[in-house]
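Across the two complexes that follow, chain A remains constant while its partner is chain B and subsequently chain C.
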Partner chain A sequence: MLSKPRSSKLLLGLYGLLVAGLPLAGLCYALLGSLGLVGPLAAGFTGRYWRALGTDTGLLQAALFSLWVAGASLALAGGLALALVLGAQATLRRRPLPTLLYVPLLMPALVMGFYLFQLLSGAGWLSRLSFGLGLTPGVEGFPELVQDAAGVGIIMAHVLLLFPFFTLLFQAIYQESRLADYYQLAQTLGARPGQFRWRVAVPVLLRRAAPTLLLSGIATLGAYDIPLLLGRPYPQMLSVYIATRLQRFDLRELPAAYLAGFLVAVGLLGLILVLTRLTRRHAL
Partner chain B sequence: MLLTVSHLSKAFGDQPVLRDISCGLAAGQVLAVLGRSGGGKTTLLKILAGLETPDAGAVLLEGHDLLPVPPNERQMVYLYQEPLLFPHLTVFENVAFGLRIRRVAKAETTQRVREMLAELDLGAHAQKGPHQLSGGQRQRVSFGRALIIRPRLLLLDEPFGNLDAQTRADMQQLFLRVSRQHQITSLFVTHDSREALTVGTHFGYLDQGTLTSFPSVREFIQDPRTSIAAELAFWESVQQTGH
Partner chain C sequence: MRSKPLTGTSPPRSARSIFLTAALVLLFALPFVLLALLAVAPAWRFPAALPAAYSLRALRDLLAADNELLAGLGRSVLLASVVASVATASGFWLARAIARAARPGRWEALSYLPYALPPVLLAVLIQPFIIRLRLSGSVGGVLLGLLLIAVPFATLLLRSFWTQQAREYEQLARTLGCTPRQALWQVLLPLAWPLLRTALFQTFLLAWFDFGLTNLLSVGKVRTLTVQVFTYVGEANAQLAAVASLLLLLPPALLLWANKRALLRKAD
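Let's turn to the complex of A and B:
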């Protein structure tokens, strides 16, 4: 039998291995693979995959596209949730809205993507409805809302998934921070409702919710199911870009995929570090 | 009269909270209203602040009907039991809040806030966050934030209820000093008879929605509902037993 401190040390070690050791090992493997040192066709150290980064802009474009999708989804979902929490408090406290907000949260991302594809694609329900009403002459007349260059479909799906979650989060913070009492106090100090919202409510809600917003942004940045279904081959989001390269039949492509995976992981870790410091500095 | 309240009534559902309340307050007076919890004190203050609407009655400020005026235009600050400092703002910005929303010039705001902080002995804490202050300091910031907009009427809802005995006594003295200095007119509700006697210039007793105004401090003390006479008798008996 192991003694208590020894068993807790063992447990801690196993946990550390699981949450930090294995991902770090994966990261090291990807780095070594990108240098031609490991992998099925490894032939010794080479820097050519790193040098190829200078000519292949695919990774950079996937990163920029992912940042755009994550930023736009977060801003739209956050904006909608803030508007609802600050503009419809009475409705939010009455049933059935609070219960209805949980419904999209029960939906897997893939189901949401499939639903939006059925709804918004060229041959989808809305397109057929608009054709039936004589608003569009055919499939080509309906605007591209899924598998489009700007990622509208992907953004819409993420907004639909994030917005109810943010609304519930902001509503919980609103009540816990006693913003209703602050509203009355601010009014007697001379503030109009708009001044209260911008000078008190929005800063308090955003600062308290910042860590969760940050994690949601990172999750959107690395999302796979929705961009796979609603995105197009170019531009691709990072996860799809890396997965496509890893799954190619040509094994000589693997080091480039390892390199992309390594850079994305390091980039995301750096981003999390910077944003976490920023949110901590302004935390309430 | 600065403030005239006549025949004010309010009920929540079928539960009457205020019943035919009438009182008046001249400029510079402090009306201390004593009463137990659930007696209607908070509702009365909220109606005066414009945060609740009465079912019947009138509220006049310098002869003008106050009821149609929205709370942000009444220039009447409602102070809660808790200081409710804005958590994302420093002490300086908390006090400056009322001036910022009125778009007072930057230089004037800075000067007035600095003077107010100095007066409340908070100058050294200007750049601190609310979480870095003690309970008494927070309540002083809350006072400063209210006083800086030069309110026509200060509505205080047991503002020192959460403080320890010593800080509470200090705050009462500070309130007296500042109130006299700035000629502040206030309605101060409390459940503590000693506090009422310390801060008030005029006295009332509110219970089960009915307000009794007393013409003098003597009658306030002698009314059995305030329990002040009974308390005095108790301390006298303790003193006599001691001798």
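Let's turn to the complex of A and C:
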């Protein structure tokens, strides 16, 4: 029988293999696959797929579109949550809001995507209401809110999922940091409510919530379910772009898909490293 | 700028407060209303704002023995329950091993690695090995993929339990004559229960909500409820997609209701 320290080491070794070994081996495989060294049609070293990056702008477009969606979703959801926590504190503490804010957290991203499609599409419920009220002449007259070029539907879905979560987070920080007491103090010292909000409350809330906001931003950047339902074939978000290329029947597409997966994984890991250091440096 | 109350005092409910509450209730209730209407509307075509006819057939069909949706529900419940149980149990022991390791910080940092990547990207990266292990398109492959995310999550969550105090309680129990098994069952597990419950709840939802990783690793063959929602949407079968969506909302709602007291106590 193994001694306790040895069994702990064995357990940790297996854990290391699972959480680091498997993804890192996958990353190496993707790199080798993009160089033509592994994979079903591997025929030896080639830099063809890397050179093709210069002419094929699909990955860059997907990255820029994902950054736009993640940035806009984060800004809108964060702004809404801040406005609620700072502007409706008394309402937030009263029933039914403390319970109500948990309700959207029950919703899988896929269901949110399906719901918004049924609500906002040309033949959706809002379009029907607008037709019934005589505001639009038919399906064509309704504005394009899903599967649109700007990703409005995708952003709306992420905002609906994120803002209740951010509100709960900011509210918990507001209470833990005793910002209500600071407000009284700031008022006694002659500060206006606006000054307290912008110079005390917002910096405290944003700095303390920064790691969670960062993780939410990264999760939105790599979102799959919602853009799959509410997005267009072009431009696509990163995860949809990679998965689509990987699932094509043409096996010759695989190295390019591996290259995209490798670059996005390395890019995201780098982004997390930089942003984590930044948030730690400015942490309260 | 007009002064607005920012403190915790509770003045009488203003018109603005009532309007805000009503707007949020409407915003959060609308998805359930629309999904419920879609679930009972066999043919709801543009431009009708409400269904012309209602039918409970899709819901009644759920009770049929060969119903695909019911099978999907069972598959999802089973998969999420196995993921939650395995991840929480292994997370408990892994967290203890990390707490006793020479460099716990390194193991904690390592545990964040699977989160740094979106689940679909993680699935793309591990897929070649899943194929080599002959697990592609099988429940085993999906299970491995989901555990890759759920085990480190539970480990990080349960890491906060293994403090010096927990170790002292364990040692005290042993000093007072408990066997290791008694110390575990009668001291450690009751102490860790609130965190274990949270870990079970969260890892269950993690597996329950997943679509991308499951769909990619199973090549669409493991038809969980999320995969079925996507299939029905693709087939433009809004009624069955709505029924599947409502079924997807059921366990999280029950879990939220069961944990409501703990959640709201934390919020207060």
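For this structure, a couple of remarks:
Keep this in mind: the second predicted complex is superposed on the first by the 284 of 284 C-alpha atoms of A that agree within 3 Å, B and C clash if a C-alpha of one lies under 4 Å from a C-alpha of the other, contacts with A are read in each partner's own complex, and residues count from 1 in each chain.
Simple rule for what comes next: a contact is a pair of C-beta atoms (placed from the backbone, for glycine too) under 8 Å apart; a residue touches a chain by one contact, two chains touch by 3 or more.
No experiment lies behind these values; they were computed from the predicted model shown.
In the three-chain model built by superposing on chain A, chain B and chain C fit together without any clash. The superposition places the C-alpha centres of chain B and chain C at an angle of 90 degrees about the C-alpha centre of chain A, rounded in steps of 10.
Contact with chain B, but none with chain C, is seen for A:Arg199 once the two complexes are overlaid on the shared chain.
In the superposition on chain A, A:Gln236 contacts neither chain B nor chain C.
In the superposition on chain A, A:Thr188 contacts chain B only, with no contact to chain C. More residues of chain A lie in contact with C than with the other chain of the pair chain B and chain C. Within the superposed three-chain model, A:Thr99 lies in touch with chain C and out of touch with chain B [touch as defined at top].
In the overlay built on the shared chain, the residue A:Ser177 is in contact with chain B alone; chain C does not reach it. Looking at the shared chain after the overlay, A:Gln147 reaches neither chain B nor chain C. Contacts of A:Gly132 after superposition: chain C is touched, whereas chain B is not reached. No C-alpha atom of chain B lies closer than 9 Å to any C-alpha atom of chain C in the overlay.
In the three-chain superposition model, chain A touches both chain B and chain C at residues 184, 192. Residue ranges on chain B touching chain A, taken from their complex, read 46, 49-51, 70-78, 80, 84, 86-88, 97-98, 100-102, 145-146, 149, 155.
By the touch criterion given at the top, residues 177-178, 181-182, 184-192, 195, 199-200, 203-204, 207, 284 of chain A touch chain B in their complex.
Residues of chain C touching chain A in their complex: 1-11, 13, 16-17, 20-21, 24-25, 27-28, 30-31, 34-35, 38, 46-49, 93-94, 96-98, 100-101, 107, 110-111, 113-122, 124-129, 147-148, 151-152, 155, 208-209, 211-212, 216, 226, 229-230, 233, 238, 241-242, 245, 248-249, 252-253, 256, 260, 263-264, 266-268. Against chain C, the residues of chain A that register as touching in their complex are 5, 8, 11-12, 15-16, 18-20, 22-27, 29-30, 33, 38-39, 86-91, 93-94, 96-112, 114-115, 117-119, 123, 125, 127-129, 131-132, 138-139, 160, 164, 168, 171-172, 179-180, 183-184, 192-194, 196-197, 201, 215, 218-219, 221-225, 228-229, 238-239, 242-243, 246-247, 257, 261, 264-265, 268-269, 272.
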